[in-house]
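Shared chain: chain A. Partners: chain B in the first complex, chain C in the second.
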Partner chain A sequence: MTAYNTITFDPSRCKSCNDCDACMTACSQIKSGTDDLLYSRIKIIAGMNGSLPELALCRQCGDPECTKSCPSTALTKNEQTGVIDWDKSLCIDCLLCTVGCTYGGITYNMTLNHVAKCDMCDGDPACVKACPSGALSYVTSAGIFNDQHDREDLFVPGLSACQGCNSEMIMRHSLRKVGPDTVLATPPGCIPGMGSVGFNGTTGTKVPVFHPLLTNTASMLAGLKKQYNRMGRNVTAMALAGDGGAGDVGFQSLSGAAERNDQILFIVVDNEGYMNTGMQASGSTSYGSWTTTTPVGSEMKGKRTNQKNLAMIMMNHNCEYVATASTAFVEDYYEKLDKALAASERGFAYLHIYSPCPTGWRFPSSQTIEVCRKGVETNFAPLWEYERGGELRFTHSIDDPLPVEAYLNLSGKYRHVSEEQLQHIQEQVNERVKTLKRFAGLN
Partner chain B sequence: MASPALKTTHPGCAQSIVCDGNEAAAWAVALSRPDLVAVYPITPQSSLVEYVSQFIADGKIQAELMNVEGEHSVLSALHGAALAGGRTYTATCGPGLAFMFEPYWRTPGMRLPIVASLVTRDGITPQCVWGGQQDAMTMKETGWIQIYCETVQEVLDTTIMAYRIAEHHDVMLPVNICHDGNYLSYGVTQVDVPEQAAVDDYLGEKDVNWHVALDPLRPMAVDPLTGGAGGIGPSKFVAYRKSLCDGMQNALGVIEQAHQDWADIFGREFAPLVEEYRLDDADYALVTIGSMTGAAKDAVDSAREKGEKVGLIKIKTFRPFPIEAMTRALSKVRAVGVVDRSVHYGWNCGPLYQEVLSCLYRTGKTISARPFIGGLAGADLTEAHFAKAIQATATMWADETTIDSPIWLNEND
Partner chain C sequence: MNSTHYLIAGASHAGLEAIHRIRLIDETATITVVTRDARLPYSPTILPYVVSGQSDPDRVVLRNADYFKNLNINLITGDELVAIDEANKQVTLQSGDQWHYEKLLLATGADPIIPPIPGLSEASFHVLRTMQDAINLRTHAGSAKTAIVLGAGLIGMHGAENLRHAGLDVTIVEMCDQVLPGYFDTRAASVIQTAFNSNGITMLMGSRVVKVEQQAQSCQVTLENGNSITADLLLVATGVKPKLDYLKGTSVQVEEGILVDRNMRTDAPAIWAAGDVAQAADFYQDKKVMMGILPDAVTQGAIAAMDMSEDYTLQPYTGGVPINTYTFFGQQAISVGQCMADDQSEELTQVDDDNHRYLKILLKDNQLQGISSINEEMDAGVMWQLILRKIDLTSVKDAFIARPLETGRALMSSTWR
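What follows is the complex of A and B.
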C-alpha cells in the first residue's frame, strides 16, 4: 500500500485573521532562505465575509491529478513516502499541473520561473512546527492506524452486511472509540440484520447489545441510563439506528428523549429507507428516489415528497450536540464522535451519518465512499455540527458545490429522474443550505 | 395531598388512612421501593400517577421519576431500567394501554418482572372515559399475569404482593394489578397501610436481572433473532415459549404462597385465585370479577334469606387462569350465571364466561351456564342487577338449559 501522509488543517484554530503568517514564513525560509511569502509553498487564504480561512497546499493525493496531467513525468507519486515528487530536470514548465490541481497545491513562481510545491520537508514539515495554534498537523497513515489499532475492536470478524455497505465500518470504528463500558441498542434494520445482535444464541458484538423495538430505542436507553446513574455506574447508552426507526415510527421516542436531555449517544445510520426489508421508502428517502414503495411507472416517477431532514429537526431540540457525518470524511467523523461522546455525559447527543446503500441505491459496491464524497461535495449531504447554545458550524466548505447531478448520476435509484425533477432536487439542496447558513449566522 | 393518618389497627400496620384506590396503589408503590417510575396520565388512572409523583417530590418514594411523552415510552423506559437491574412501576388503562401495546406484549417474553396497575377502563368507541374491563381483557393473551381486586384495601395489599410474585425466580413475569376505574379508583374507604420494615422483610432483596441483563460487566446479546428455519431450527424459540408457559403455571402456586405469607404477617386474608362464597350447599352460583362482587354478595345474601340456595364464585387471578380452583368451585353447583364487565366479541358473551365454559368441560358434569354483561362504561351494577341475574340463573337451572346469548344488565338503565 502506498503511504499516505499529509498535512491537515483545522481552519477554526487558524490565526491568519490576526495577521499570523508563521507557517508561510517558515516555509519560505527553509525552502528559499527568504522571508518573502511569495516563496512559500503553503498559502493560507483569509476567509471572505467572516467565513473561515482556507488552505492552498499540496495534499499529496492518493490518486493525484497533477501526475496524470504532467506530460513529461516530472511529477511522480513516491510509493515509499507518499510525497508527490517534482523533478526540476524533467519539468518543461507547461503549467498543466497547476490546472489539474483543485487544491492550489502546485503553483507557478514568477521569480523562479518554475512551479513549486510542498515536499513535506522529509517528513518533518517546518510549517507544522511553526504553527502557534495547532491548526496544522502532520498526519501519517501509519499513525492513524496505530491510534486505532490500540483500541479493541468490539465486533467479531465476518459480519454479513451487503458487499460495499459502510455500516460495518461505522460500527467497528464507532465502538472502538466509545469503548467497552457501553450498552448498544440496535433497533430492527440493517445494523442488527447483519448479525450484530445475532441469531439463535450467537452474537456479533462484544458489548451488551439489544434489539429494541423499531419504535422505542431512545426511551428504552433513557430508562437504562437512569438506572445506571442511580447505581453510580458510568455506562454509555448508545444507539445505532436506521433512519426509518429513528425518524418515522420511532420519532416520538427520540423527540421525548431529546426534550428530556437524557444522556444518550444516538447515532443514525441513514440509508434513506427500509433497505433491510427490501428497499421501501422512509421519511428520509429523498425526492425522486426509486424504492420498492415509490416505484417508477407510467403514473409515478419515484418518491413524490421531499425528505424529512432529521438532523435539522434534532438541532431544533437544542440537544447537547448534533452533527452530520460521512464515511468519506472519517477524521471529521472521529472528531464529531469524540464531541458527541463527551456531550452524551451531559445530555442528548445526536449524530447523523450518511450511509449510501449499494444494494438499494443501485451503484457498484466499490463506489460507496465515492457516493458519500459526492453527497458532501454537491451539498446534498452537507457536513456540520451544532453545540447547545452555539451556532451551527460547517465542517466542510459549502461554497462552490458541484452540481447535484454529480451525486445523482452515481446511483441507479435516480436513473429515471427528469429535467424537472432534477431541477426540483437542486432547488431543495440550495434551500436546505440556505436554511443551514441562517443557523450558522452566515448569509 | 396524601390523606391524614388515623389510628393503627392491625399487626404490621403503620397507620390507617382514608383514601381512594388510586392513592392506595400509590402507597403500595411507596412501600415497594421501586427504582424507576415512568408516568403518563390518563383517566381514570391520572390521580394515581399524581400521588406517586408527589410522593417522589416529597421524598416519600426515593425513585427516579420519568415524565415521558406517551405510554409506549413509559413501558420502554421500564424495559431499559429492568434490564439494568431496577425495580420498576407504572400505571395505565384504556387507550393508553392500547398505545403501550407494542412494548407491552414483548415484556413477558423478556421475563421482566415489571409491575403495572391497570385502572381498568372501557374500550373506545363509543368514546368514553369510564370504568370497564375491556382494556385489560383485550390484553389477556399477552403473557402478563392479571390479578383483579375487589376492594381498596385489596388494591394496596395486592400491589405490594405483585413484586413478590413478579420477581420470584420461578416466575419472572410482569404483573398487572387491575382495579376498576371509577369504583375502585375513586371509591374512598379506610385502609391500613403496612409498616415499611415489615414490607421490606416480605419483599426481600430485589434481584430482577439475574437471568437477562444489559450490563457491561456481564455482556450478552439480549433478544437476538431466534427460531426460523435456519441455524439450529425452531427448538430454541419453542424452549423460550414453553418456559414462559411454565412460568405462568408456576405463578399459580407463587400467588397462593404470596397471599398466605401476607396473611401471616399482616393479618389480612384474600382468596388468591378463586373465592368461594356460600357455595358448599349451593344449587347454583354467580361468577363475578372485580369490584362488582360486593353488590353481588349482598344479592346472594338477600336471596339466601328468601330460601334460594345460591352461592358465588369470585375470580381474583385471571391470568394464569386457575383452572383447578375454578373447576373445583364449579363442581359444587348445577348452574352458573357469569357476570362480565367486558365483552368477548368472538363468542357473543363475556371473556370470563368463555373461560368458565372451558372449566365446565373439566368438571365432567353437565352444568347449565348463562352469560351476563354489565357495568360497561362506568355503569353501576347494583344489588337489583344481581338479583335479576340470580333469578335468570335459577330459571335456567330449573330448565337444565344453557343459553349462550348474554343478558345485558344495564340495557334499560
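What follows is the complex of A and C.
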C-alpha cells in the first residue's frame, strides 16, 4: 500500500483572486508553451449563482474509472507516483475514458486533437507554484505514511479517547517515531485518562509507562534518565503532558529540568484547559474562551485573562530545542520531532503542539484538523522553532494571515465573543507575532 | 472435480472489473476465470484499430499474466462453459473439465449476428469480434483492394473507416436510412455520413442485401434494387447477440439476453450476469434492455461482484443510460442519454454547419435527459452523472444551455463538497 502526493484546492482562497487564471496560464505554458488557456489541464470555473469557484482537474483516483473504460491500455495507474499516465502511442482517441470521469479530469481537447489530463508535472506542479493566493497546494504528507507505516504503533488499540481526538493522533504519531527504547511519563490528563497508562494490571503502551503526579513529571524523568545513563543504557526519557500538567501545576519541575538542561523529550499537548476533568480553564486557555470555570453569563463572557505562552517561556530557558507544531502540518511536525529527539540526547527538548479539542471546544469531530489548520493560518498558533544559541525561525509563513475570525468561528467556545473581544484577540495575536519576530531578528 | 469459490465466465471488461472488485474486499477466496479466447484479455473495442495497424495486438493486453498471478486468480484461457448444473453448482467446460462453484458470474459477451441472406453462409466473409478476427481481416486487407461492409452500426463504421485507412475502396450497405441508428439522431448521423462520403467511402443507405455469391477471389453482393457490387473482402457487421446455449436446463430466464435484477442476479440461485450478455434495467422506463457499451459493462461487473462478495457498499444498478463516444476521421460525436426527443421533453439545438459543430440538449422537468454533440468539447462522464443523479437544473438552466461543459463541471464539482 502506497500513499501519494496530491494537489488540493481551497475555493475560499481562490475567490479572492478574481479570475487571475495564473494556474491555468502556468499549465498551458509548461505543457504546450502558450498562454492560451484552452491548453490548460486544470480548469477553474466560476461558481454557480455567485458561489465559490469550482475545479475541473484529474484527481488521480485510487480506483480510477477512466483506466477501466480504456480499451487500448493507454491509461494506467502508476503504482510508484499514483499518477494516471497517458501513453499517446497507445491511445485510439475513442473518448471512452471521458465517460468514466465525473471530475472533468480528462476531456478531448479540440486544440490538441487528443485527450489531455494532469500529470502532476512529475511531482512539481506548475499550477501550484503559480497560484498567488495559496488556493492550490501540493500536499506531500503521503510520504510520512510511506516512511512510517511499517513502524509499530506503541500504544495499544482501543484507547478510549473522544471521537476526533487530536491528542490520540499526536501520541500515536510521536511514540511510533521515537521508538521502543523509551520510558514514557503521562501525568494526569486526557492521555493517561484515555487508558494509555493502563488498566487491570496492564499498560496501554508497549513501552514502560508511568503516571507521575502533576507536579513532578519532569523531575521524575530527570532522575530516571540519570539512572539509565549510569546503567549505560541509551533510553529516551519522554513526557506526554497536557498544558495544565506542564504549564500550571507541573511548571516548577518543568522549569527546573529545562534550566538544568536535563536530557528529556518533553511534549506538551495543548488543548487550552483541563479537558478530561470537565473542561476547566488553565493558564493556556485563550482570552474569551468559554470553559466551565470561565462561563458565559450576564457579567462574565468567557476567560478574562490572556493565555500565557508556554512555548515562549520555555524558549527563554535557553534549553536545547523548543518548537511549536500542529497536526495540520504533519511534515513540519515530523521534522521537529527528529530535531527534538536528537536534541534530547544533548539536553532538554520541548515540543508544544496545539491540540484543538472537539469535546471541550465544541466543534464537530470531523473538523479537528481544519481547526488546527486555521489556527496556524490566522497566526493564532504560529509555527516556529528555536535551537539553543540560535534565533527563532518561523516554519510556516506568518505573512498574509487570515483574520482571526476564520479560526474562532469554527469553535463553539468562542460563539459568544463580542466585537470588542474579537478586536482584543486580534490585537493579542498581532502582538504575539511581533514579539516572536523580534526573537527571529525580523523587526 | 475442480472447485472454486468464485467462477467468472468471460474476461472482458465486466469480468475483469468483477475480479478486481472481489479482490478489493476478499483477498483469499478462490477465483477462477474462464475465457474462450486463447489470448490474455483484450477489449473488443480495440479491434478496428488492430485492423488498421494503429494498435499492436501485443500492446493492448488489459491484464498481463502477472496480474492474475499476483492476485492468486486462476485464469483458464481457450475454454468455455458448455453446461451448467445449477442444483449441484457445477459447470462443464468445452474441454470436458468440470468445476464446482459457490458463485458464478456469466460475463460471456455477445457474438456477431449472421443475417439469413441467401448465399452468405457459403461465402467467405469476415466478422470482427475477436483478436483473431481482427488479425485475419488485417491480413486479408493487406492483399485486397475493395471491401464491402454490411451494417452501419459501430463495428461496421469503425471497421469501414479503418479499412479505408488501410487503403481499400470501401462500400457500406445499410438497411436503415441513417448511419448508427439508435446511437445518434438523423442530423448527427448525416454529419457522420458526410464525413464518410468525403473520405471516399460509398454509402448505400436504405439498401437490403438479397443475395451473396462467392466468386474466385471476390464476393458479389446483390441488393434489393437489383444492383450488384463486387469486392475482394466482405465484412459482416449487422449487430451482435449473446450465445446462450450453455443455459439449457437451467432456471436462468432469458429474452434477448440473460434477465437480471438490479444486483445483476439471474433467476437461478448463485448465478449472476453482467456486460453484453445481460439484459438489465433501463434508466428511463420500466423494462429491461441490452446495453452493449463498455462503461456500462464495467458498472454491471462491479455491481455483480459486490453482490457476490456481499460488499455492503453496493448501490443497486440505476439502470442503463446509453452513452456513445464515436471518433470518425478526426471528428468526435458524443451522445449521452436519450438522443431523440419525446413529446414531454424540451429540445434545444445549436448548429454551426460551417465548423461541422452540433449540440443538442434534451431536458424534461428541468432535468437532463440526453445530450449529443459533434465536434464540441464534452465531459461525457459529467453529463452521465447529471442524468443518473437527476440533478435539478432549474437555477442554472440558461447557463447550462449556453455553456454545458463549464456548467456541468461546476455542478459536479460542487457536489463533491
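List of remarks:
Definition applied: the second predicted complex is superposed on the first by the 300 of 443 C-alpha atoms of A that agree within 3 Å, B and C clash if a C-alpha of one lies under 4 Å from a C-alpha of the other, contacts with A are read in each partner's own complex, and residues count from 1 in each chain.
Assume contacts are C-beta pairs under 8 Å (C-beta built on N, C-alpha and C of every residue); 3 or more make two chains touch, one makes a residue touch a chain.
Here the structure is a predicted model, which is why all the values come from computation and not from measurement.
Using the contact criterion defined above for the overlaid structures, shared-chain residue A:H317 touches neither chain B nor chain C, since it reaches no partner. When the two structures are aligned on the shared chain, A:P180 is found in touch with chain B, with no touch to chain C. Contacts of A:G201 after superposition: chain B is touched, whereas chain C is not reached.
In the overlay built on the shared chain, the residue A:H396 is in contact with neither chain B nor chain C.
Of the two partner chains placed around the shared chain by superposition, chain C is the only one that A:L95 touches, whereas chain B remains out of contact.
Put simply, more of the residues of chain A are touched by B, taking chain B and chain C as the two choices.
After overlaying the two complexes on the shared chain, residue contacts for A:A222 are found with chain B alone; chain C is out of touch. In the superposition on the C-alpha atoms of chain A, no part of chain A is touched by chain B in one complex and by chain C in the other. Those residues of chain A lying in contact with chain C across their complex are 43, 45-49, 51, 54-56, 63, 65, 68-69, 71-73, 90, 92-96, 98-104, 107-110, 113. Of all the residues in chain C, the ones that touch chain A in their complex are 13, 16-17, 24, 42-46, 49, 54-55, 59-62, 294-295, 298, 323, 325-327, 330, 332, 334, 336, 375, 377-382, 384-385, 395-396, 399, 405-414, 416. Listed in rising order, the residues of chain A touching chain B in the complex are 180-183, 192, 197-203, 205-213, 215-216, 218-231, 235, 237, 252-253, 255-256, 259-260. Taken together, the chain B residues at the contact with chain A in this complex read 35-36, 38, 64, 66-70, 72-74, 76-86, 88, 102-103, 106, 213-216, 218-228, 230-232, 236.
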